[in-house]
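Look at the two complexes coming up: chain A is in both, with chain B in one and chain C in the other.
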Partner chain A sequence: MKNRQMQGYVGAIISVVLLAVLPLKMGSHSVLSLMHLDVSILSEMLLFGIAAMSVNLLLGYTGLMSFGNAAYFGLGAYGAGLSIHYLNVNFIEGALIGTAIAFIGGLLVGPFLLRRRGIYFALLTLAFGQVFYFIAYRANEFTGGEDGMSFSRPYFGFPGWHTDLHETTFYYLMLLVFAAVLLGFWLIVRSPFGRTLQAIRQNELRVRYLGLDSNKFIFVALLVSAGMAGLAGALYGLLIMFAAPLMLDWQQSGDFVMIMILGGAGTIWGPIVGSLIYVIGKDIVSTLTQTWQIYIGALFVICVLAFPRGLLGTLLYAIARRDVGAPVSEEEVAHKTWEHGGSAGTPTGAAVAAAEQKES
Partner chain B sequence: MAQTLLEAKNVSKNFGGVLAVNDVSVKIEHGSIYAVIGPNGAGKTTFFNALSGFYYPDGGQVLYQGRDITTMPNWQRVQLGMSRTFQTPSIFPELTVYENLLIGVQSQQKIAFKLRLPSASRKKEIDAKIDELLGFVNLAHLKDRPVAELSHGSQRLCEIAMSLSVDPTIVLLDEPMAGLAEAETERIMRVIRDLHDRLGLTVLFVEHNMRVVLSLADHITVLDRGAMLAQGTPSEISNSQAVREAYLGQEVLNRV
Partner chain C sequence: MLSNVVPSVFNGLVLGAFYAFVAIGLSLIMNLTGTINLAHGSFLTLAGYLAFTLVSKGTSFWFALLLAPLLTVVVGVVVERLLIVPLYKRDPIFSLLLTFGLSLIAEEVYRLIWGPNGVPFSAPGVLGGGISLGFMQFPTLRLFIAGVLAAAMVALALFLWRTRFGLRLRAAIQDTEMISAMGTNTQLLYMVNFALGMALAGLAGVLASGLLGLSPTMGNALLMPAFVVAIIGGMGSLFGSIVGGLLVGLAISVTTLFVPAANEIIMYILMAVVLLIRPRGLFGTEGLFG
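Now for the complex of A and B:
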């Protein structure tokens, strides 16, 4: 157990170091330029990773199929874009306003979503997502309608100090944000609250019959998820300096779900692994062939059929199984404990029944 | 001394015009083992679900310690001191036995909503409570196994332990022997007796195994086609002409 925890910490550190080293120049070429990549792609990967994590909290941990998280993502992007465009706010303010708007969006639709479960919950998230999509689409004068709206990226800074964000510094900022979100996510899922969410995924009725108002837990999970997706969306808007209705679209929501499932639902690192694959597919394979979606689609099909736990999820599961050893039958365990004189061992029910029969 | 803990007053429940439970009244006294019996389709489970807040009755009242809880959400009833099990064990299959109980103990300790991990001393308290529960149902040796890997009988014991984890006053057991082998039935019967004798809990259970009911319960209500057929002590029930004629059959009673 301790050993596994150690492995987790080491893995996390290695991953962050790797992500930090990726954009560094090696001689005259950066690692990325060797792959014909731009640093902004890495930022995109991290932000899509956060968005997929927001879906993961709902689907992977709480068991709620959300097909509307792009709504929060888009609200974040629009929140940042509109506040920068109309209110001239700075970078941090823009990001926070975007996150807050998405959070408010979650606050508005949450009470309705709570009333349904399963496929109806999924349909409701989809429907609400499309509502926001059409608002952005129709509010022409304000949001630029179908064409979307471009805005400039403000300086990043605090009172007394500010700096221009170039793609590389932007990336390191994103890495910082990503690490913070990941840490927060980890703290949530291992907390009593997070454990209860996972229990809700497995058996909500039992959670209620343990005296817990599952709706309260789900509502908070929805809000956290909306905030995370909103933060990712706001920063994504700031990355590409653009917000468009398509960011709120159900297709975008579907992409987040796909990213999460590719990597591994219910795992902390799964979404970022999925995001890596997705971004590679979108930005690298698409330079090689126009039909890149076929390959991503095929990978998705293979993944769902062969690795239903996702790529990382399957790997982690295999490691966990190896650690535990081959499954033993319950009887064997009981027998062993009994043999070793463990206080836990009990005479079997059959023996008791026989004894009782003798008495009567 | 005998104080009414849970009471159903003229409870009715219908499903699309079918009257599943018709005007059933039951008084469960503090410290009793109460059984609701009846053949399949008698409305036992429907009545049980109406009491435990799985759904609400269409007519009548449910009172807990004199308080009207007819339309109280099920999770609030649990906080009042009513917990229950289901015919098919309702558990968290992927979690270990320990983790299953942990969810309940977190609820009982009012820390389920917390983001902070429990302190070391609190953790000790929690683990001690879980060990106590495991000891009670004799599942300590299976503590770290996913519940899905357990036998049906052990899953049921795990569920009973879960229902105890919230410190109930009354435990409602819905057909606790359903689908169990004879040996396992004995095991569960001992646990039910222990619930009453050792933990001092009030027990309400639904069952159609006559032998089990007559040997465990001190009060019995017999349901037939949704209506009350008879009510009384085991000897009153086994001597009741109405019950004999209606459905028990002479043969069953002779065996007991």
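Now for the complex of A and C:
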């Protein structure tokens, strides 16, 4: 449907323009200052959005319950922090080294994760994520241990030109990175590779019958996801100029998964919508009360019970429902009703999956 | 040398018994309903705090040891019926996230009620001191804990393999739809199964608080090793969880003795090795949850 596609492009352009004008001042106030928000909150929102997108690639598109992406996020932050602290690298090098470290982390852990699917995969990601947590925690003469490590933010630039990043320019740089990642993500998801990942979510066995080695596809998806989370982590480290073991913790992983679900799993824009709700909600609630963790927890519970498709997912689903009668491709329906892909959660589904496993 | 190693092996086995206990509770719930209960640790902590409150109100330790797990079961079943039941038919990620949210709430609530730091909670005098075995002293408390945990595991095994209800539970784990078609009330099975998991968590919570120190994060500290134990032992195997738990406990205590820096990593290394050699876990069944 060309019409729908046009709406998508217009929506994307409007969102980016909105994000770009948010920090601008109108008179002496910007929209942000009226909401008592800092520009760095917006940067945080974009970076958490990228991290949630990395979960989305695995969970929303490939159907793999990843509960350990904070490990890559934290590796990115430590990669940037350690290289800046010990090797005196510049901004771009720090960000790239952080991403590379996270990528290597994925390369190390991936072969183990590939051995299992379903909730077992979730347990493995949880457990392997903790390995990096304990390494950061234990290597305290190198990483600062439990207290974490702070480092300074180097100049941003290339040989011959550089500039000092303050909060607003940092935000615009993040917006640029975010737009690039979003575009990349969109291209990946629409590529034959991305289609195969979605096919794996719907029925991995059939994909194998078609002669495709699903393990290879999943491994690449894991690596892409680790790289994305690592990039987000490295930039987040550069934003707050700090890296701590808690960034690698499974509770942080849970936050990323939740951000993705809040917005809508298996949708391109879902993670950033979720990140908007989560980061700004957390910022507002944590200034009002000490016990913000209760409210975040309650948000999770309510979202899971009442809006399992997430905000954007619910909206898209409603649109798809309204369009019934109009020609909707199979693919679009599958895309918009994310949960249909994974019936392994139901007792019957699990039994069928087990039976199919035996046959293979 | 021996006087160093023997107590450390013994302590490791007691610690491992805790891990096994928590892992069995997790596995029970996971096998039947596909729910990864991230709030398991929170229920464990709840039992500890309930026992602490009961004892400080003048109840005897023994009564608290009985009552606190029972209260935890009641709270757990209410939570299961109200919040988790609607998710059984949905993708497992949702129950995982729900229990994750619950654990966030619980941790903060415990902090509000009982304070952010640990509270002193010790077993009665009878359990203090040690029992001499000639060449070394065994602390009575740890022996007592080991005894209670072993007895509870035997009781659970008898329930699962020697009662009609246990038979139905095991059948439901294999094929819920079939057992439902044959006229068994599966909702009752789900509830009792969850209650069993809670009872195990509750008992472990009360006993652990005397040993590990009662604080809002006590349960969550036991949760991750329990997951690792379930992976090593093999999901769905009671025996596997016990062996896995003892193995992990032993590995941790021995590593603490010789390479203290690696004592938290060792169980993950163990897990990685098991995954390479036998992905289903030591005693796991092929095909269960992929």
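Rule of thumb we're sticking to: the second predicted complex is superposed on the first by the 323 of 360 C-alpha atoms of A that agree within 3 Å, B and C clash if a C-alpha of one lies under 4 Å from a C-alpha of the other, contacts with A are read in each partner's own complex, and residues count from 1 in each chain.
Definition applied: a contact is a pair of C-beta atoms (placed from the backbone, for glycine too) under 8 Å apart; a residue touches a chain by one contact, two chains touch by 3 or more.
A quick note: this is a predicted structure, and the numbers were derived from the prediction, not measured.
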Partner touching more residues of chain A, whether chain B or chain C: C
Which of chain B and chain C A:R190 touches, first, second, both or neither: first
First, second, both or neither for A:I294, with chain B first and chain C second: second
A:V207 touches, of chain B and chain C: first, second, both or neither? first
Touched partner set for A:R117, first chain B, second chain C, both or neither: second
Chain B versus chain C as contact partner of A:K216, first or second or both or neither: first
Which of chain B and chain C A:F128 touches, first, second, both or neither: second
Chain B versus chain C as contact partner of A:G11, first or second or both or neither: neither
Residues of chain A at both interfaces, chain B in one complex, chain C in the other: 342, 344-346, 348, 350, 353
In the complex with chain C, residue positions of chain A that touch it: 59, 65, 67, 112, 115-124, 126-128, 130-131, 134-135, 137-138, 250-251, 254, 257-258, 261, 291, 293-294, 296-301, 304-305, 308, 339, 342, 344-348, 350-351, 353-354, 357-358
Contact set on chain B toward chain A in their complex: 52, 73-76, 78-79, 83-84, 90-95, 99, 102-104, 106-108, 111-118, 134-135, 138-142, 145, 149-151, 153-154, 162-163, 165-166, 182-187, 190
Complex contact set, residues of chain C against chain A: 30, 34, 36, 38, 83, 86-94, 96-98, 100-109, 111-112, 175-177, 224, 227-228, 230-231, 235, 261-262, 264-265, 268, 271-272, 275-276, 279, 286-290
Contacting residues of chain A [partner chain B, same complex]: 187-188, 190-193, 195-196, 198-199, 202-203, 205-214, 216-217, 327, 330, 333-334, 336-338, 342-346, 348-350, 352-353, 356
